[in-house]
Structure formats: C-alpha cells, structure tokens
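Pasting the structures here.
Shared chain: chain A. Partners: chain B in the first complex, chain C in the second.
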Partner chain A sequence: MKALMSVGAVVGVIASLVLLGMIFGVIPASTVHLVEGYMPMQMLFELSIFVAGFTGLSYMLNSMGMTISRFWQGIGFVAFILFYLKSRIYPPIPFSVRAMYGTVTMVAVFMWMSSNEEDWKKFRQPILNVMDGLTPLHKGLRTFFLIAIPLGLWGFAYQSFVPQGAGADVDEPIELRTVHPAPPASTKVHGKTFVLQTSQNPYRANPEGKYDQEYSNKLIVEQSMGRLMQENANPWDPKAEGYLKNVREGGEIFFQNCHFCHGDNLNGRGLHAFAFNPIPANFTDPGTIAQLQETFIFWRVSKGGLGLPREGFPWASVMPPWEQHLTTDEIWKVVLFEYWHTGYYPRTWD
Partner chain B sequence: MKQAGLTSKAVLILAAAFAITMVSGSAGVSIFAEEAGSGLPAGFKKGDLAPLPAAEMIEAGKRVYFTKCVWCHGVDGAGDGPAADRLWPRPRNFNQGTFKIRHTASGELPLFDAQKPTKGQNDLYETVTHGLPGSAMPSWEGILTDEQRLQVLSFVTNQLVKDRKFDDKATETVTVLDWDQLLKAQIKATPESIEKGKQLFLDKKCIECHGAEGRGDGNAFNLKDDWGFSIQPANQHKCWNFRGSRQDAYNVKNIFRTFSTGVNGTPMPSFADNTTVEERWHISNFVQSLCERDAKGNPLEIDLLTDKPKVKFVILSGTVEGEIPDDPENELWQKRERRIVLLGGQITHKPRNFVNRLDDVWVKSLYSAKDKQIAFLFQWDDRTKSVAKEAGTKIPWQPTEVNVETHGVKEQAPKTGEEGSIAGGQNKYPVYNDAIAIQFPVKWQELPPPEKPRYLWGDEKYPVDIVKWEADGSLRAFVGTGWDKDFEDREDYTEKLKLAKAEWKDGQWSVMIKRPLKADYDEDVRFEVGKYIPMVFFAWDGHNGDAGRKMAVSAFYYLVLQPPIPKETYIYPTLIAVGIVILEGWILTRRTNRKKGKA
Partner chain C sequence: MGRQNGKKIWSIMALCAMIGFLLLPVATSLNALASGGGEAPPAPAVKAEGEKKDEAKVEKGRDVYYKTEGIVSGAPAPKTVDGPRDYPRYNFESRVLLWFANQQHLYYGSFVLAVPIFCMIIEFMGVVTKDKAMAKKYDQLAYDFIKISLTAYSLTAILGGILIFTFLTLYPAFFGYLSSIFRPVMHIYALMFVAESGTLYIYYYGWDKMKEGFLKWIHLSMSVILNVIGTLLMMLANSWIGFMMSPAGVDEQGRFLGNIWHVIHTALWNPLNVHRILGNMAFGGGVVAAYAAYRFLSAKTDEERAHYDWMGYIAMALAVAFLIPLPFAGYWLMREVYAYRQQMGITLMGGLLAWLFIIQATMIGILFLSTNYYLWQALGRMRGAEKYQRYIKYLVFVLVCGFLIFITPHTMVMTPAELKAMGGQQHPVLGNYGVMSAKNGGINVIITTTVLSFIWYMRGNKEPMVPWKNFGNIFMGAFFGFAYVNIIWLAVYGYYIPANVRVGLSVPQVATTLSCLFFMTALNGFMLKGAKQMGPIEWGKISVRSQYAIIMLATAFTWMMGLMGYIRSSVRLFWHVNEIMRDNSPWAYTHTVGFAANMISFNVLFFWISILFVFWLGTLGAKKVPVNVKAHVPGRVPEPAHGH
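Entry: the complex of A and B
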C-alpha cells in the first residue's frame, strides 16, 4: 500500500510541477501537447492522474506527520480544478462554463466532506473557530470576513443593478447557430437537379470508371499524426491517373479559392479567417465533414451562406455560393480533395 | 591518387581556416562594432555548418512536402504552386536559398540542423513551427510532428534549394547572433532608451522606408524584392503581423534579430555593420514601443490561433453631457476606450479581394442625448493616401453603382503566371478613393432575433442603412438591398450627416463622422440606448485597386450606447450590504449565546 501511495505521490508532484512550469513559462508550454480532436479525453486522463497523485501525496504527508486538514484539502482541490480549467485548456472556455464546472466540483467536494459525521466535524471546525474568534489570528480573520462579505455582495448587487450596457464591459449576445442544418431533398446547380439521397461524386471512381468508395478509401491520407499521403499514392506524380489526378485538380481549386478561410491545412485557420464570426469550418475536426455525406457538402459548397436556412444564420456567413465561381465538376473535385486531405471517409446513406 | 591529393588539400585549407577561427576566437570576439578585430559584425560569433540530414530524412520529407507544401510552394519549390498567383506576399521560392528570418548574418543561409530542433538554433524549424504571420504560411505546430517538420525541411534544403549547398564549406559561412553576449548587454526599455532609439531611427534613416511614425508609409511604392515583386515596409504598429514575430509579438528580441540580420531577399538590410550592439537595443526598444497597446499601456492580448489581437464584437458608445467635440485630441475622445475591428477580404462575391491591405480599424464612439447626435471616430493604418481625382483618374462610375466590374474592377485570375499574379500587379492598379463605410439594419428594433440583414449590403427583406465616406471628401447615405443591387441614394439623410474630421497623416487615416441619434423611423437607423444594434464595417484601399465590392469587410459587430448610471444602482446594493451586516451580527450573537448557554 505504501509503495503504491509513494508512486502516486511522486506522480502528483511531477505532474503539478510540469503543469505549473508550463503555465508560468519555466518550461516550454508545449511540453505536454494538447492533441487536437482528443482534448476531452486528454483532460479527463490528466485530471485522473492528478487525483491519483494528490491521493498519494496526502497519504505520504499523513504518514510523515504533516497532515493537511480536511478543510484545506477540500478548498485546495476546488482551487486546483478552477486553476486547471482556466490555465490549461486552450482555446480558453468562457467564464460561465467554468463557473458551471466549478459549482459541480464544489458540490462533489461538499459531498465528500460530509460523507461521514467525523469528516464533517473536521471540515466545519475551522469555520466555527473563525466565528468564535478564540485566537488573535481567528479574530483577525473574523473581522476580515465581516467586512469582506458585505463589500463583495455590494459589488455583486451593483453589477446586477447596472443598466444593460452601462458596465465597463458588455459581452456580445449569445446566439446559437446550427452548424449543420437539415439539407433540402434536392438542389439545382448550373441548371441540373441533384437529388441528395441518390447523387454520387462522379470523381470517386476506380480505374474502371465505376463509383467505388472502397477503392478511394485506400488512397486517402493516413489517419495518423500529420495525415500524410500513402506511400505510392502521390497526386503530384506525373503518372497519377483517375482518382488521384482528380484529387490534385480538386486541391488546385481548393488552394485558389477555399484556403483563404478554411486554411492550408483545412482546419479553418486561413488567411482571412480571423476577421469572421462564425469562424470557418474546420474539416479536420471529426465533427464536420467526417459526419456528413458527400452530397451534403456538394449542396453546402454550391449554395454557400446564402443557401442556408434561418437556423444556419445565412446573414452572417461569408461562404460564397460557389456556383457563382466554379463549375459543377470543379465543386465535386474540391469535395473529393477535402476528404482525401483530411483522411476521412464520407458517410453513406446505408 | 589525384582524389586523395585533393582531399589532403581540402584538409589543409580546413585546418588553416580552423586555426584562424581559433586565433580570432582566443582574441575575444568583441560585441562592439568599433572594437571588432575579428572581422565579424558586432554581436555575432562564428558558427558551424550543420551536418547533412540522413537520406531517409530527405526521402520522408518528400512525402510531407507533397501532401502539405506543394500547393503553395510548387512542385519544384519555385514558389509557384496553384495558390501562388492569388497571394501577396507570394510563397517563398526556395531555389535560391533566400530565407527571411534568420539568426545568421546578412546573405547567409539560415540555421538548419535536422537533428537539433532547439529554440534559437534552428531558424527554418522555427519558421515552420510558428508560421509567418501576415502571410499565408500557417503555424504547423500541432499539425505536423517535430519529426515531420524536420523531415520536410531536410527535403526542402537539400532538394529544392538549388543554387546553394547547406554543407558546402567552400562557399558557405555561418555567422550567428551571439545571444549569450547580447542578452548580457541588453538594455531595458526605459524612456531614455526609447528616446535614444527614436533619434537613431531618424539617424539610421529607418524613416525613409518605415515612415515617420513607423507605419511603413515611407517608401510604399518603389520597393521590390529579389524577384522583382512589389513589397512594402513593415508597419511597426502591428507587431503581430511581423513575419519574424514567432508568435511572441511583443518580444523585443525578434526586432533585435531582424535588425541585426536583415531580411534576405528584401530591401531591409542588416544594420550589424553600422550600429553598435547598444544602439541596436535602443532602436529595438523604440520599435517595440510603437506596437499598439491598450489604454493602460499594456500589450494587447494576441490570439495564438490567428496571430491577431483578441477581438470583442461589441463597440461601446459613451455618453457626453453637451456637444460632442470635433477634435480627436479632446479629453472626451482621449478618455474614450477604443475597440479594434478586424477586417478580412471580401471573398464571397466577384470581384473577390484575395489580398486586403487594410486588416483592422480602431473605432471610438460618443453620443449626446441632448444634442441628439452620435459620432464615430475611425482610425486605420493605410500606407498610402489615395484620392482618385488627385491621381488624375476620374472614377468612371456613379457613387450608387455596386457592380463596377463592367468598369474594369476585376478579380485576380487563378492561373496567370508570375507576371500577372497579385504580387506582380501590386502598385500597378489605377488609384481609386480610400473609403470607409458602416452599415446598420433599417428598423433593427423589429428584427426577430437573431435574424439580421445579410452582412453584405442587406437583402430585399431587410434593407440596410449605409453611410460611406470617401477620400475625395464625400460623405453619403445610401440604402442597400442586396450584394448585387445598386445603392439607392438618400440625399435627404446625407444632408444631416456631418464630417467632423478626415485627415491622413504618417500612414494613418483619422475620420470622424456625426449623424443624428433619432431620425425618420421608417428609413433611418434610430439609435436607442442600452440595446444591441448590429453593425458591419467596410474599408477600401484606393491603391490596392479597391472599389465597389473589392474591399475589406468585418463580421457583425454590436453597437451599444451606454446609458448613464442612475442613482438607484448605488442605493439598492448599499441596502443589501447593510442587511448583510445586520444578519452577520445576528448569527454571531446567536452563536455566543448558545456557547454561553452550554457553558
């Protein structure tokens, strides 16, 4: 037991040092990478390491006679979670969400503290000590709280009484937008009607010229870090024919038209992306094109922001209706390229 | 035999070179130019050529290159990929081995060692890792692994750099910035140092290109890079756009580095030979002090995902008692918080603006309920003052005309070759008016939230109110009903607008417009206090050929007129606080009584 706990303690100390080091810039902030797309899992994993570490640490301190009281353990843990959420997660999450997680943590810690009578007594003893003001330190603390609580509440109440907009800062109103609205049954592009359920990308074809997703799936980039093309499947090979040649042509169109917003790596961080709100779609995110059918992308690309239904906020989207700039063939090739470059398979109807 | 002879000769030469290096090294490399006896520029030390990367690294890098880089940099690395013609700056042509951001002396190859991804010792690795802000080169950190980044650089340096060899000891030298010494000699950015730097900025003729205020407006037309493309001097007020900012925009070390090494391939020379290290620190401190800051003088918060200042999509308009002053230097304007509005190119409808030279506008606003007026102060950096009439070209279209493509305002074709590319065409456009416009929905009070008129000049269902200022001095009001519909002129409202100020000075426009707070409800925007009023900004750079739909545009922002704070706001919280004090007293008394009872 002791061996296990000491391992935990070491883990806890190291993890805390790494975290603090990264946040205060002592060691490079990229020492432990945040892996794009796997962040929630990574957060949970890291937090469980910390919990295990703290358990070990508290056990070791206890056996060395330096017990940290229940009260401070609870306070310390809540403070740690808030600090972790604020400093570690990137891009930062808004205050309201942090407050929510903080409250949940507080409730959990409270339940832990009051799980049995003895712990509960230990937990509330420091509070009662301050209220009784038996020692000069407790007396001082009592005076501090007697003044600080009404003052703090005054500020809080002031904030809620200030007329809207008069405060030092005003946040933009929260408007929830549907990123992937329901598509229409069919769409008409350059005079031709495409039924979304039955249409297929004419360029997703095998050497025999037949629609073949299994064939193309073997030639897309590898779904590993970097998402590099397969060996011997270079669209830039002068001898590339069929599917790979179409990928290259789609890529050329993408890099002449789309990368300005969707980015050189299709992650929505293009040259102009910073100016726009909502930000451009990130195709490397498993929640975008990986979840959609190719015909859905074809519809979205052809009709752009103007073609969105109300819940998709057509007024705010700078996505062009690409039928104004590209031919039907070019649009299909761009769609082909987007799946190739991200390494995702389009969803099918069956 | 002959070969062996050659080799021994090479060894002899090398040994001699080594001995010379040793001697100069032992003599102590001085960091002051006037004392330098080593022949090295001040602040530099001798470095070594890095060993060639392994063949497997080069081969593996080819795969990375043809997945990620070829699209801009081209099959042969000549900077002529499919994207190239629509980009400005154009993608780097690797063939000549000319690289901008280095720790090495002017003209030398950058530092690259495939085995050493160490900060400050591997220039190309850092460029790929952090990207080049202000250009299309993104940060590849988190996308490619460290290993993959070193692999692709191995390929680029060995296969695509054709005119030079990274390991050729006969032709290449390595002279590296000596940070250990330089940081010891670093001078704090005190007001005195900044003042000295300001004087040196003048003496060393920095202002000739970068302009009196450092906005890059000194020589905006005649500068060309090594390939003959127009380029512009850096605007030192936007340090987040510095190519060499390494995602650490306000770090003075970046400026010191660029100033010492020069920017290869551009007219920016190295100042290592004609400045002392001390002088370079002063200038760097001064240049760093030019970068935009918040009201308290702190650096702006930079969003690492975009390399731009963080933006709030809300513009606050402050209330004034009497008249709104016309002078931006007036205390009321000076105290007013300014907000940044970021602009992207209009790339939705033809003619698309792939390269917007205006990328932000600073906005301040004041309103006066008594005077029934609201004023906007726009300040934005534009290296060139563009007025169509002055340049002798009369604009061939009416101010209401939207579709000016018929008059020759065209978008860049995708494939033209270098000559016809955006980079090739920069500074060769006919000059139109610089301009700025703001757009509000007509009758915004009736919009069912979150619905709005389309960002680009509204739509038929929801018309918009557009007020546009142009550099020829005109300030006009229009109704917009769609991106491709000509504006309707609103002469009756135009009469109520007032241009309080329009001045171009040292690379910056300051334009102040005033408009009525309450006008006709059916046609004009009524500004109501404490409400979110949707707003869009547009800006045109006349020297970029911007006209009609070819312009820079913002996302939706919200204008909020801040109400004055009523007395109740102070009274109620005070009552609550008094209540809490009483409650505290009651709890403590109860506790004491209970304890007494127990005792």
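Entry: the complex of A and C
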C-alpha cells in the first residue's frame, strides 16, 4: 500500500510541478499539450492523475507526521480545480460553465468531507473555532471575515458593472443563442417543397442509382486526425464516377463559394471568418453537422441567416440564402461534400 | 368457524365485485366501439340503391399518422379566434391558471397512483416474511401509507374537478374538440374512477377485517386490482396528451376517422406510459421518504427516530429502484419524439428548450448525488462499515466526473467577448461533452456508481463467509471495472459512427449498467448468505444530513416533474393539437426560461405546503407510539427483510 501511495505522491508532485511550470512559463506551455481529437478524455485523465497524486501525497505527508487538515484539503482541492479550469484548458472556458463546474466541485468536496462523522467534525472544526472566536487569532479572523465577505461581494458586484478593457467598453450582455434552431416541417426551394423528415439527398446513391447511405459511408474520409482518404475513393480521380464524382462537384462549389468563411479544412476558420462573431460553423466539430439530418443542412444552406426562425434570435448569422445563387442540385452536392470531407455521417432514424 | 367461512364468502364476493368493476368499462368500451368506433361501422340493412347513395355520401379521410383510410365520423378541429367565444378569460393569463391547476392535479394524481403500488409491495413483503414482528411492522407501514394516500385521493378528485372547470371556462373550444375526439372513452374514464374509489375504500376500511389467513391474500389481491385500475386510468389520461403531441386517428382537418384505438395509440403513448409509471413511483417514494424525514427530524424519542429512519429508508429504496430505469425510459421517449418529428426533437434538446434540458440534467444529477450521499450516511449507523467509508472520496470523484459531463451544455451561455475568445460557438474540449454520446456515458457512470454504493451499503455490517468469497470479490471488482471501461469506451466510440448506430449504442451501455445492478446485487446476496454480522443496524442513529438529503431528493423530484411537464407541453409551441388545431390565444408563445422556472417553483411550493397539510391530517388519528419491535423480539434490532 505504502509503495503504491509513494508512486502516487511522486506522480502528484511531478504533475503539479509540470502544470505550474507550463502556466507560469518556466517550461514551454506545449510540454504536455492537449491533443486535438482526444482533448475531452485527456482532461478527465489528467484530473484522475491529479486526484491519485494528491491522495498519495496526502498519505505520505500523513505518514511523515505532516498531516494536512481536512479543512485545508477541501479548500485546496476546490482551489486547484478552479485554477486548472481557468489556466489549463484552452481556449478559455466561458464563466457560466466555470461557475457550474466550480459549484459542483464545492458540492463534491462537501460530500467527501461530510461522508462520515469523524471527517465532518475535522472539517468544520476550524470554521466553528473562528465563529466561536476561541482565541484572539480566531477573534481577529472572525472580524476580518465579517468585513471582508460583504466587501468582497460588493467588489464582485461592482466589477461586473464597471466597463472593462482598455477602451472601457461595457460588455455586451449574455446571449442565449440557439445554435441549432428547430427547422420547419418542410421548406420550399426553387418552387419545390421538401419535407425535411423524409427528403433524401439524391446524390447519395450507389452505382445502381439508389439512395444508399451504407455505400457512401464506406467512401468518406477517415475520421480523427489527418482525415485521410480511403483507398480507391479519391473524388479527384478523373475516372471517379457516381457518388465520388458528385462529391468532387460539391467540393468545387464549396471552394468557389463557401470556403472563404467556412475554411478550406471546413473548420470554420476561413479567410473572412474572424470578421464575424461568432465565427462560421465548424463542420469538423462533432456538435454540428454530425448531429443533424442532411435535410437540416439543406434547409440552412438554402435559406441562410435570413431564413432563421424566431428562436434563432439574435440571428447572428450572415450566411446568404444560397438558393439565390445555387441550384437545388448544387446545394445537395455541396452538402454531400461537407459530410464526405469531415468524415461524418448524416443523422438518420432507421 | 362458521363466522370465518362467512368472512371468506364475503371476501370472495368482494373480489368478484372488484373484478366486475374492472370489467365493466371493458364491456362498455366494446359497446362504444360498436357504436362510435371501429374501422367499419355495421351498415344498416337497406336496399341496394340506398346503399349506393349512402356510399356516395360517405366521406373518407386519411389518418395523419397511420396513413390508413377511415370514414369521417367527426367535425374538423375548430379554427379558433382570439375572443370571448373561444378564449373567454379573467383579467389574468389563462394559460398560467391552467398550468397551475394541471400541475397540482398531476402531482396529487401521481402520488395517489404510486402509493397503492408501494402498499402492495410492502403488504406483500409483510405477508411473505417469516419474522412475525417484521410482518406486523410491514403491515403497519403499508397501512400508514394508504392512510396518507386516502386524504390525498380526495384532494386529487377535487383538483381534477377544478381542472375540468378551468378547461371549460377558459378553453371551451379546445376542450370541446378534445372531448369530441375521446367521446367513446370519456365515460369509461369516469367509470374507472368509480371503480378505483370503490376498491380503494374497501381496501382501506377492510384492512383490519381481512388481516389474517386467506382473507389477507384476498386483501392483497385487491391491492393488485386497485393498481391495475389506477394504471389503466393513467394510461387513458396519457392518451390525451399523447394525442395533443402526436395526433393520430384523425385526418388533416382533425376529423375523427372512427377508430378510437388509433386515437389512443399514438406515436408517443407507450413511451409516455412507461415514463410516467416509473416517474410516479419515484416521485411517490420521494414524497413518502420526505414525510419520514420530516417526522425523523421532529421526533422526540429514540423509538420514533428508529421507526421513521426505517420508514424513510424503505420509501427511499423504492424511489431509487424506480429512479434507476427512469433515465432510460426518458431516453426512449426522446428517441420516439425525434423519430416522430425531427423538428420537435431539436426544439427540445438542441433549440428553444435546450437550456431547460440542462436544468433537467442538473436535477437528475442531484437526485443521484442525494441518493449516494444518503447511502454513505447510512453506512454510519452500522458497525463495521468504516472500511468502506475511506473509499467514498473515489466514488465522489467518479460520480462528479459523470455529473459534470452530463450537465455540460451544448449551447454555452457566454458574452460576445467570451464567444470571440473561444474562437467559435463550440468549445473544442467541453463541446464534446455537450452531445448525447458523452451524456449517455455520463449518466451510465453515475448509475453504475450508485449501484456500487448500494452494494457497499448492503455489505456495511457484514463479512462474507462463503468459501469462495475471495473469488467473488475479485469477480465483482473486475465486473465493475469492465463495466466502467465498456460504458466509457462506447461513449467515445459513439463519435465515430453514424447517428442511427450511435443511438443504438445506448442499448449495450444500459445493458452494462443493468447487468451491474442485477447480477452484482444477486452475487452480493449470495456472498452474504450466512455472513458474519459485525453489528446490528442501529436504526435512528443516522446523521441529520441524511434526512436533509432525502428532503432534497423529494424536492428535486417535484421540481423536475414540474419542469419536464412544462417542457413536454411547450414543445407543441403554438399548437393545441400538434399540426391539427392551432392555439390562437394571446398566450401561444413560449415563456422565458426565468418565468417558467419561477412558475415551476411556485407549483412546487404550493404542492409541498398542501401535502404538509395532508400529512398533518394523517397524524391526527395516528397512534402516538409506533410499533415497537423490540418489545416482541427481545434483543433483536428491527430491520427490513434480508437485513436491508
């Protein structure tokens, strides 16, 4: 047990030093970088390493007679999580999400500390000591908190209203933006009505000309890093026919019209992307086209930002209604290309 | 002897009468189908020419859902206009009044449907248990439950009346249309209410008269009938909301096509039924547990504390037993909603109402955290449980990781400056937690951890003595380890496969979780056979924090029920009946998240104040001292069957 805890303690110390070193610039910030495609699991893994490390550290300090009290263990853990979320995760996490995570962490620490009577007594004793003012130090602390807590709250409230930044601009208010507003049941494009629940991309067809998602799924690029093309599935091969030829044509339309904003890697970082806030949709993110039916994309491309429904407020999209510039067939082909290039499958219900 | 036989005959007659009550609606429904329903009503025997004329007159319509043809047998859905004819009103928002009446009726309705099911289970446990003292204790508990339910039953009926009056007064056109569609089954519903009331009263008042021998079994079987009627009642009521969300059995104009089964059996009816039964049970258990917690906290003696600690434990165990499958039933319901209308599914989970779903996820998380916390606190009343307590921190970590993933929103709330700093709407790390694949993993991790907590609790004061205990422990540890790996792996794998396959991945994930629940609980039971007792369960010696956890659990149930009811109703947007009858009142808009939350909180507060009154009424006729098992079995501390 002791050996295991010693390993844990060593891991904990090294991990903490590396983290601090990266954040304060002692070692390169990319020493342990977040790997694209694996970041969500990496974050959980890192947190697990830290928890194991802290456990080992606490055990070793305890066995050396340098016990960290339950109170400071709890406070320290909450502080660590807040620090980790603020400083380790990039791009920065919005405050609302950090506040949620912080609250849950505090609840977790409460559950841990009060899971048995002995720990609960140890945890609350310093708080009770200060509240009871047992010694002059405790009395002083009590007075300090009596003043500092309301003052801190006032300061927090004041800061949230004061204009921030060099230009002293007042922050724009929070927007509860609906990223994927519910589509209509049907949409009319170039005089033809498409029922979104049942319509299909006419170019997602097998060599026999029948709609076949399984066939097309085998020909899309590989997911995750690289997005490599499958063998014998190169749409730019002059001999490519059928589905692959349509993908190529969709790609040509994409690079003539869409890539300026959505980027040549379809990740929403095109030439003009950063003129907009929010930047255009990132199709490589698993939360965008991978979650939607192909007809949803067809509707959004056809109608653009102007066609967003009421719940799409504040309609923060400058995408033109492409039905005014492209034919129906061209729109279907570009949708086909987007799924092919990202390696995602359109949502279906069968 | 003669008197005993007489009792038996009476009880059998009572049982036959109950069955008669149950069959009566079925008989009348056959009649209703013959006259107003059925695919092809019998044509009158007339001359051939007359038949031709009739055929010419018969208008056929196409079912909007089943796509079958049927003879138009009703008027089209009214096209309402804003005004006193279709939307008469007080000087107040009619929708809010209806919301309040509906929600209160639903709270009480759920409670009185759930409690008799508990009574049935607890009474059954009392009948089959060999320990006479425990049998008596269970019987008393079941009786206490039904007594609370009886007062609530009257309130349910009163609230039902208020609800109908509210509908008739404020939404006459809509209510008229709905009752015209459900005309063939409306009176069946009313008759079933009569049957339910009759059965309930005989069940309650006959408790003492039918407490032993064969009569007890008759009494127990009456509870089964009571619950069958209650469940059918609920399913009928569900068919109305199912019809409003996903209409069937009518044509595009909303004209009834003569097949009442199509109207009842809509796309969402069955998922709604399953979800509501489980939800009612979890909610009912939570409310009873909160009652016990309240009595525990206000108890003056150790005996009272012991009794209410035990009562709270039983109610909580029942609530959790139904809470565990509840997310899966909810998942099925949402899947069917998506399959029925993509538009509806996106409005719910990705669009307008998505933020309410985040609140819902938070509430679900709170339910499971409270449950685990209660179980950990309960370890404190057992000698020998210390060996598990030191590992609780790891369970907390795993639970919280699952919880954080479960509550991470897909659409994050942020200022435009934060949006810019993030470089897009989707966060590259946390955005992945915002989609269903990760959330399925999160909730399954939470539930599996809850199962683990329960197994620790079962083992708290016991030491397995079976010869194969080491093998059993290793097997159990490996099983849980593989379960976690499987759940997390499937959650990650879900990002790399088509959505329709991904949706199907929830099946192996759920199967993994349920395998842990059933197999590991059973294995644990076998391992604990003849186990060495480290000490008795000291009922009443539990921290007060545990009781607050129970109250938290019950409040979270109530709040979540209000929230989910609101979400389910709001998803129709500006339709009374989806795509059939438009809501043209001035309130056909979706409330803001803040207003909805305040309204739900008000409903929750009102329910808890009124149910406290019901509890108080229940105590008026109660014995002051609960059954003291110690007096019957010296040296034995009361505990439920199997020690838990």
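In the analysis below, the second predicted complex is superposed on the first by the 248 of 350 C-alpha atoms of A that agree within 3 Å, B and C clash if a C-alpha of one lies under 4 Å from a C-alpha of the other, contacts with A are read in each partner's own complex, and residues count from 1 in each chain.
Here, a contact is a pair of C-beta atoms (placed from the backbone, for glycine too) under 8 Å apart; a residue touches a chain by one contact, two chains touch by 3 or more.
Keep in mind the model is a prediction, meaning the values are calculated, not measured.
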| task | Check the residue A:M319 against both partner chains and state whether it touches chain B (first), chain C (second), both, or neither. | result | first
| query | Where does A:N277 make contact in the superposed view: on chain B (first), on chain C (second), on both, or on neither? | reply | both
| query | Thinking of the overlay built on chain A, is A:D171 touched by chain B (first), by chain C (second), by both, or by neither? | reply | both
| said: With both complexes superposed on chain A, which partner does A:P91 reach: first (chain B), second (chain C), both or neither? | reply: both
| said: Taking the superposition on A as described, I'd like to know which of chain B and chain C A:N116 touches: first, second, both or neither. | reply: second
| request: Go through the superposed model and pick first if A:I220 touches only chain B, second if only chain C, both, or neither. | output: neither
| task | Please indicate which partner A:M100 is in contact with in the superposed arrangement: first for chain B, second for chain C, both, or neither. | result | second
| message | If I apply the document's touch criterion, which positions on chain A are contacted by chain B in one structure and by chain C in the other? | response | 34, 36, 91, 171-173, 175, 177, 269, 277
| remark: The residues of chain B that touch chain A in their complex are 63-64, 66-68, 70-72, 75, 81-83, 85-86, 119, 135-138, 140-145, 148, 303-308, 312-314, 316, 342-345, 347-350, 352, 354, 356, 359, 414-415, 449-456, 459, 529-532, 553-556, 558, 560-566, 568-570, 572-574, 576-578, 580-581, 584, 587-588, 591, 595
| Which residues of chain A touch chain C in the complex? | 34, 36, 39-41, 43-44, 47-48, 51, 55, 89, 91-97, 100-101, 104-105, 107-108, 111-112, 114-117, 120, 171-185, 196-197, 213, 217, 223-224, 268-269, 277-279, 281-282, 285-288, 290-291, 293, 295-296, 311, 345-350
| remark: Listed in rising order, chain C residues that touch chain A in their complex are 338-339, 341-344, 346-347, 350-352, 354-355, 369, 372-373, 376-377, 379-380, 386, 389, 392-394, 396-397, 399-401, 403-404, 407-438, 492, 495-500, 543, 545, 579, 593
| field | chain B contact footprint on chain A (complex, rising order) | value | 28, 30, 33-34, 36, 90-91, 131-132, 146, 149-151, 153-158, 161-166, 169-173, 175, 177, 221, 225-229, 231, 234-236, 251-257, 259-261, 263-265, 267, 269-277, 304-306, 310, 313-316, 318-320, 324-325, 341
